[in-house]
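Here the chain labels run A, B, C and D in written order, and each chain numbers its own residues starting at 1.
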Amino acid sequence: METLKRQVWEANLLLPKYGLVTFTWGNVSGVDRSRGLMVIKPSGVDYEDLRPEDMVAVDLESGRVVEGSLNPSSDTRTHLELYRAFPALGGVVHTHSPAAVAWAQAGRDIPCYGTTHADYFYGPVPCARQLTQAEIDEDYEKNTGAVIAETFRARGLDPAQVPGVICSSHGPFTWGTDAAQAVYHAVVLEEVAKMAILTREVDPSAAPAPRRVQDKHFLRKHGPNAYYGQNSG
Amino acid sequence: METLKRQVWEANLLLPKYGLVTFTWGNVSGVDRSRGLMVIKPSGVDYEDLRPEDMVAVDLESGRVVEGSLNPSSDTRTHLELYRAFPALGGVVHTHSPAAVAWAQAGRDIPCYGTTHADYFYGPVPCARQLTQAEIDEDYEKNTGAVIAETFRARGLDPAQVPGVICSSHGPFTWGTDAAQAVYHAVVLEEVAKMAILTREVDPSAAPAPRRVQDKHFLRKHGPNAYYGQNSG
Amino acid sequence: METLKRQVWEANLLLPKYGLVTFTWGNVSGVDRSRGLMVIKPSGVDYEDLRPEDMVAVDLESGRVVEGSLNPSSDTRTHLELYRAFPALGGVVHTHSPAAVAWAQAGRDIPCYGTTHADYFYGPVPCARQLTQAEIDEDYEKNTGAVIAETFRARGLDPAQVPGVICSSHGPFTWGTDAAQAVYHAVVLEEVAKMAILTREVDPSAAPAPRRVQDKHFLRKHGPNAYYGQNSG
Amino acid sequence: METLKRQVWEANLLLPKYGLVTFTWGNVSGVDRSRGLMVIKPSGVDYEDLRPEDMVAVDLESGRVVEGSLNPSSDTRTHLELYRAFPALGGVVHTHSPAAVAWAQAGRDIPCYGTTHADYFYGPVPCARQLTQAEIDEDYEKNTGAVIAETFRARGLDPAQVPGVICSSHGPFTWGTDAAQAVYHAVVLEEVAKMAILTREVDPSAAPAPRRVQDKHFLRKHGPNAYYGQNSG
């Protein structure tokens, strides 16, 4: 538990380091599936004041706080819903990083315009739909996660190949095999979202990268035939 | 008085810290309503040279300097007018932060495109009209405040729910329960203004967030049923 | 002479401090009219390697180097021409700051969209025309200055009220009563150019600030009735 | 060899210093033509962890690693192909700097809008075409270099006068007489690409700089009659 708390604490501190957050507008969680627990940032606490022991542990099933004296992030039930829907996730991040928010506020998928995107996201970054009034009233945060899961199911997307989403009028969620990788993907998403806006400034009718280029780049870094980095042949 | 001077001095130093000002293009004030005094930055002095004792105290009623050897900010009479018009204000900020200025120079309200905005501003950030020649000649700075007050009155806006405004061809004023919160809202306004410009770059015809999403986000952080942060249930 | 060299050296170091230059893409000069000398940055030397004694002194009349072992800036003859054409100038700056360059590359005056601009530039920032082939062949750098002077003469502009210009397909020159004020105006011009681009992103058909607002802001900071800062009544 | 490794290591560290890279998204190589060797960054290693001895030496002819225990950059075969095609190159850089990527993703040459560009690139920065499926399947990285070489050959461009290229849907490659100069050109290309986007925001139909201005600026810094800097007459 202390190890996970420390990992989640360190991952939260990466958000200001990479310029992804203003004030407390972001949160990172990590999961220990063997113990059925999620650890997450407390709500509304400045990153510079955070200590590892401030991280809040929540039961993955019931959503009840099992350790920690502070309120967990107000987005806690969204994180829980994502861990339940996507069994491979080890970490989840939510931010309001500006370029990703811009695409979310425009309600549009981020097209895969090039290899920077294709190296990490296989196809466009999907934009999840608005919640209905009934979904907001019932449980806004939980249903934010449920609508993300619905989006992946309806489009047949694999969350391991598309490690993030943008929510209409809201902003991005990203994930990974642990909290640190989820932050890595949050940085990638913001960078890709910014490049996509600049691409549209050069040519508003720019086309996505050809499918063959997307395949080449994603698959040279992921899957059985990957050859990028120091862990491959 | 020394406490208020120190608070206002600290809040002024937050402006360069958050990247909101170039040179001396911004000022923060705070008020002590029990003593009928406003404390504000002196005019044209660099932030790095400011000392708490340089802050200038001005009578809220008469506008006369009651303590301090330097000239108060040239925007002093605008601050005074806002404190008179809006009794709940404890602090006021004026900056020329670039994205908020861009909306002001375009003469347009900043639409509430998403939850980042709705978390702090309930509805669009209003753009106050140009002053007439007569208003400029009579008292430019005082009437800048008067036109802001007119804008809120005419539109039926509550300054506690819309903690800022942009003035046509000019720039933003924000406020809060004290000087520090007024600066917080200045940071939010600039961030929201920047995101709104990026949103228009993705889609110039982007629509505001649905009313139900604006309600949900503003009210989960404000009012009797708020549940964000560590002070709520 | 040593005093002027030190002032010009310090002013050159402000260029990287304010983020106005990449590599060596900028230069500042200052003038001593009583001695008929201009002091300027040497050509192609990194700011971090510059020492006060590296500054090059040039005769204002003949353009010959009178002190210094390094080649003066390749823009030297442009600076000289500006000092000759505008007797009130004490310092001149040239940079390739990106937003000002963008307006220069588009070949357009920067409209006075608001008070940030009107506080320092009275009316639009003019864009000087392209040089002819004959002007380039005769003396490119000298004629760059001559075309700036022609622009001010033809439009009836006062260089004390419009302390800068952009040159078509090239970039900005600014000036002031000394080298430090010329740098101050270079910062203002870049900020104003950036805000003007953002304004056009909000509304490509945005109108300039009303003349009455431009008058009010310029004249409350300049001229006999100024009341901004600590030097006025 | 140790000297070249150190030069290439230092040049790689310039990439984060100049803000050109996120994570490990860039690489620099240098060549020793007398020994037929190229030295390049290892694949997927953080810049802050890099040591000179981590640089990987590769045979220029065969592409085989001849010194170093880490995998060389996944872009190694592109670098090799450029050294083979362009005998004057001493260093090569690849990054995903955002403005240059935007032009690459839009599939457009970067027009020479002004003197900042003309000082270093003689004419537009060319955008190389997409690879075919057959070229990707045969050898993606090698053929990326081959298509760059084809672009320069087909357009009659001199790589010493146009020290970089953007590859469709991908990003920039730049080069120079050594690794450090290749990085210098990567910084110039990103700055020029950013200015070109801003220029289009001011006026989407902006025209390139007149040919006479491009000639003047490129030739005053390059070739037998150059007179910029401290090495010329």
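By our rule, contacts are C-beta pairs under 8 Å (C-beta built on N, C-alpha and C of every residue); 3 or more make two chains touch, one makes a residue touch a chain.
A quick note: this is a predicted structure, and the numbers were derived from the prediction, not measured.
The fewest steps needed to get from chain A to chain D, moving only between touching chains, is 1.
Chain C maps onto chain D through a rotation of 90°, based on Cα atoms and reported in steps of 5. Shared numbers divided by all numbers used gives the overlap of an interface; between chain B and chain C this overlap falls below half, so the copies present different residues.
Averaging C-alpha coordinates per chain places the centre of chain B 33 Å away from that of chain C.
With centres set at the average Cα position, the gap from chain B to chain D is 46 Å. In chain D, 201 are the positions where the chain touches two or more neighbouring chains simultaneously. Chain pairs that touch one another, listed by label: A-B, A-D, B-C, C-D. On the chain B side of its complex with chain C, the touching residues are 22-23, 25, 42-45, 70-71, 74, 96, 98-99, 101-108, 130-131, 133, 136, 140, 169-171, 197, 200-201. By the touch criterion stated above, chain D contacts chain C in their complex at residues 113-116, 184, 187-188, 191, 194-196, 198-199, 201-203, 206-207, 209-210, 212-213, 216, 220, 227-230, 232.
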